[in-house]
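First subunit A sits with subunit B, and in the next complex the same chain sits with subunit C.
Showing the complex of A and B:
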């Protein structure tokens, strides 16, 4: 190594070290943050940002936590993000052990309770997580509670059932978003949808709806009602009398999707085509619909749109009990619509004007969301893929609310990857084809370069070698 | 010296530019790591729990509890459970002592040492979720929270009921 080269190397190292030291000193005075976590765990969601845009008065957030330790530092970090987005938001972390008087004053009975105060209203949040705090802010801003009526009496899963087939998570989601879920049984007595219902959810009837109930729901929809109907061919309920007037037909059967299914069960469908611009599809990239049935969208009035459709390789098996899952002549080829929405507006004359300048007409708006699967929102599936967001979007759209908060209280520990056959093929191609192929290509390229250099060196050496003349004998 | 560069004898190493670049980058990474570790705040260290009464049970001849006009001596087994007495938290009380049930105290624990002297603890009320009970030394500036499960059987000896944790 020449001394010149050594000097250059030393100079380069000194420059590199100097750059690192100067960069570190410069960075010490500034705290720019970049969230590189896979789930953007340290960035407030767009819904929270939008929510904070509506806060126009002082909002105090008091988190009751052990003042030292990771929970307090995480809470401080999170609450500081709220303050950054809106300076009306102020926050404090209070140790309830060290401040028992304050804990008593706020009625705190558990750690991690957060109290939010805004314009004389006060709500509590059960945890210092973005989902919980944003929900509490939503409740504070809304100032009232909407009622969502959940139909019962026809074999629907129960809101109080915390088992995998129950709807306790749906109930919690509604409660977190300042909705009151009201069980309504229209199968008994005088069937009429209560006027308090902002929307009616029919979440998987297992037996045919009695005629008076269907009539009551038809009447409700005609008068600008909002309804979500989840149905399945596995039940004996026929939703068509309710749906067909609005341009949606329930095809029944069992949708099988060999390309996009969870595992080997082709009926456990992963829906990845969400073609609609409807707010119901916003922020949803995939859904898990176990044993879905097909829908036919044929709008007769207003607008009807397909919210979710299966892949082109899917099909409806009209007789799933036959035992054969392969595509057969009687099957309906895909893509199959498995969720749809209808929006119908009409001007209704309500009689005499209520006063001068007041129009005697008003607009009635019927909204309907139909899903050909009645298990995707149960506790066992609500948190899978985008199911939770889809449900919250649907309820928000039905009740004319802004986007609801669906962030779960705790960041998911695992990130589910729907291992559909199509994805398996891609993975196989990458792991068996692309990666080894690129390595082999690189090795071949390197080998070729080395050989070329060796040939060049050999030629150069041959040119430099002195030509020896063979001495002639004699 | 050849025409292409310095002459290389057998076994002589030549520092190639690629190897030099790798060395520099590696060195930069090490320096950056060291600088980052020096500049960043230390992580949460697992600190030992605060000690309210240090030592061993054998250091004390008797331990007794008193509340009002009632007094009870702790058995050897109970004493062993109270020495050393560890706390979950130690802090300067930001609120009046009455908020902690310490003005007046609900009970007193007296640790009589084998030599001269005694350690006295004032026992206050439960924390907000009843998982801990406030204790402090008379005239002390620090306040401790001790597990309810540890103190409740002792307090029960003098009729002081500690509500179970919520």
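Showing the complex of A and C:
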């Protein structure tokens, strides 16, 4: 080898190593990923990406959870994704058992609590899931908490009820999206909706609303209130006095949809026609509305739009108690509107100007979302199809909030595998005993066959030699 | 060129897997992976990331053992002289040796497929992380084997080559863990240089360009390093 060749070789090596270094730096800086896990568990949503784009100061995320086990490694991996998207985000996982002082300092009382700090503000997230963490970041960036008033006192399901008919999931969804839910009982003769309410939710009254309550709500809506009304013909409450001034009529009856329903129950309707361009329908492709009733959209003022409608084969059965589900002459043919929204703006003169350059007028904007079904957002149905997203969109639209971070978190699913002693024995028997044993047995068998062949060849050679000796003398 | 490299690779794969050493290593690897599977499943979840994770470390040790035969064993038995005098270029020899040890390692990895298959028979594991886990094992295996071949080319002692390459790989692996105690740019660099920080994505079911580039770079550096060592030994 000439020294010239060696120099060229070395130069080539240096160039190759430089290319390797540059390639690694480039891959580190721009790192496209392909998530093959079920439900893209570790791919942050576009909402989170957009949210992280607004973080322009150091944001510290501290997750308090047991440091070993799959939960901790999943959490670390997820939090690292946040850091990759924005290097202002730093994160750490603290084991509260190993660092009780740190846990006390943050006032941590439950595992899996996440504390986020940003510009002197601090919020906690109830779990190490993308939805929870992104919501906490949203809350930090927003810097304020909206109050959503939930009406009670007329047989509505409870926010604290964690049963299938309860609203605990709605309560959690509101909390995770930086809303405070405030139960308000207007049936007790309270004169007006509290001024702290950014929106009022009437989620399925089971008995008629008292007149003072209807008056208070009418007054609230007239003065630019925001309200969601969920109603059903299965209850005795009549929402029409509240809705008709805004161009929406409650038709009652039971909507049956033979073309789009869950299983054989035609009244468990799957809604796939979401014709509105309203933000409430954004990102929602289908809804599950059990036992819905029909609505009539007749805008008299402002803009009213149908948010969700059933198929053309559906119809309203005005007398579901009759027992017959087949279409009959008295039924109202579909498609039937089962959810609608109203958006009314008007300029109101408030008297004298408050100061120089300040207009004496202001815009009042009433927003109303009406759904002819009062069970779709209960715990039993909220997570079905697009129900959760539809609810969150509606609350966001009513309160003029940015798009919320909704159900974007797909935790690696629960995949139970109870390791019984019998299963453990089977697994060990096959992986430690049978298969390696077979490999060794095959190797031994092959070795034995080779040895046998060699011995046979040697014996054959040994037999041939004497024959040759006998022939030579002849 | 490829045909000659593949011929060397085939010869090495046969010599490893038709020897008591190769079969013993392979059977031991599979038996250990079975024990690790049972330990992982004690969480009562059909998740295999806790199984793949230690498998990467054991794979590094197995790669050291398989790659030792590339040059150190050839030199000990005297067959390296014959190989070096054959009319094939040094790049082909290096490529063939790395592909041979890598191929033998892939066969050992293939035997462990019985573990996820058994889990799939009794539960419903997520197939994505299993697919990426094996992708990671193959990529990491190629890189580990390349490092092992460099060390093997530098010595004629089987023992020195085996312990040397194991030490290098384990130092790289745990260097990343130790870097956790540091801060700043040094921590970032040391963490990046460690294979341990590049297997996490494979365990979770994600394939990232960064991880693939890292392992392929390590493999390429192994090829270059082996070529340099061979050149120096001439």
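Note that in this section the second predicted complex is superposed on the first by the 365 of 474 C-alpha atoms of A that agree within 3 Å, B and C clash if a C-alpha of one lies under 4 Å from a C-alpha of the other, contacts with A are read in each partner's own complex, and residues count from 1 in each chain.
By definition in this document, contacts are C-beta pairs under 8 Å (C-beta built on N, C-alpha and C of every residue); 3 or more make two chains touch, one makes a residue touch a chain.
Everything numeric here is computed off the predicted structure, so don't read it as measured data.
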First, second, both or neither for A:432, with subunit B first and subunit C second: second
Which of subunit B and subunit C A:143 touches, first, second, both or neither: neither
Subunit B versus subunit C as contact partner of A:42, first or second or both or neither: second
Partner chain in contact with A:77 - subunit B first, subunit C second, else both or neither: second
Touched partner set for A:163, first subunit B, second subunit C, both or neither: neither
Which superposed partner A:104 touches (first subunit B, second subunit C, both, neither): first
Which superposed partner A:17 touches (first subunit B, second subunit C, both, neither): both
Contacts of A:194 with subunit B and subunit C, given as first, second, both or neither: neither
First (subunit B), second (subunit C), both or neither touched by A:440: second
Partner touching more residues of subunit A, whether subunit B or subunit C: C
Subunit C-contacting residues of subunit A that also contact subunit B: 1, 9, 13, 16-17, 20, 24, 27-28, 69-70, 73
Parts of subunit C lying in touch with subunit A, wherever the complex brings them together: 18, 20, 23-24, 26-28, 30-31, 33-35, 37-38, 41-47, 49-50, 111, 114-115, 118-119, 122-129, 131-132, 192, 200-201, 203-210, 212-214, 217, 220-221, 224, 227-228, 231, 234
Residue numbers on subunit A that touch subunit C, as the complex places them: 1, 6, 9, 13, 16-17, 20, 23-24, 27-28, 30-38, 41-43, 69-70, 73-74, 77, 80, 412-419, 423-424, 426-428, 430-432, 435-437, 439-440, 442-443, 446-447
Subunit B residues touching subunit A - in the complex, by the definition given at the top: 6, 14-15, 20, 23-24, 27-28, 31-32, 35-36, 39, 44, 88-89, 91, 93-96, 99-100, 125, 127-129, 132, 143, 145, 166
For the subunit A and subunit B complex, residues of the former touching the latter: 1-2, 5, 9, 12-13, 16-17, 19-21, 24, 27-28, 66, 69-70, 73, 95-104, 108-111
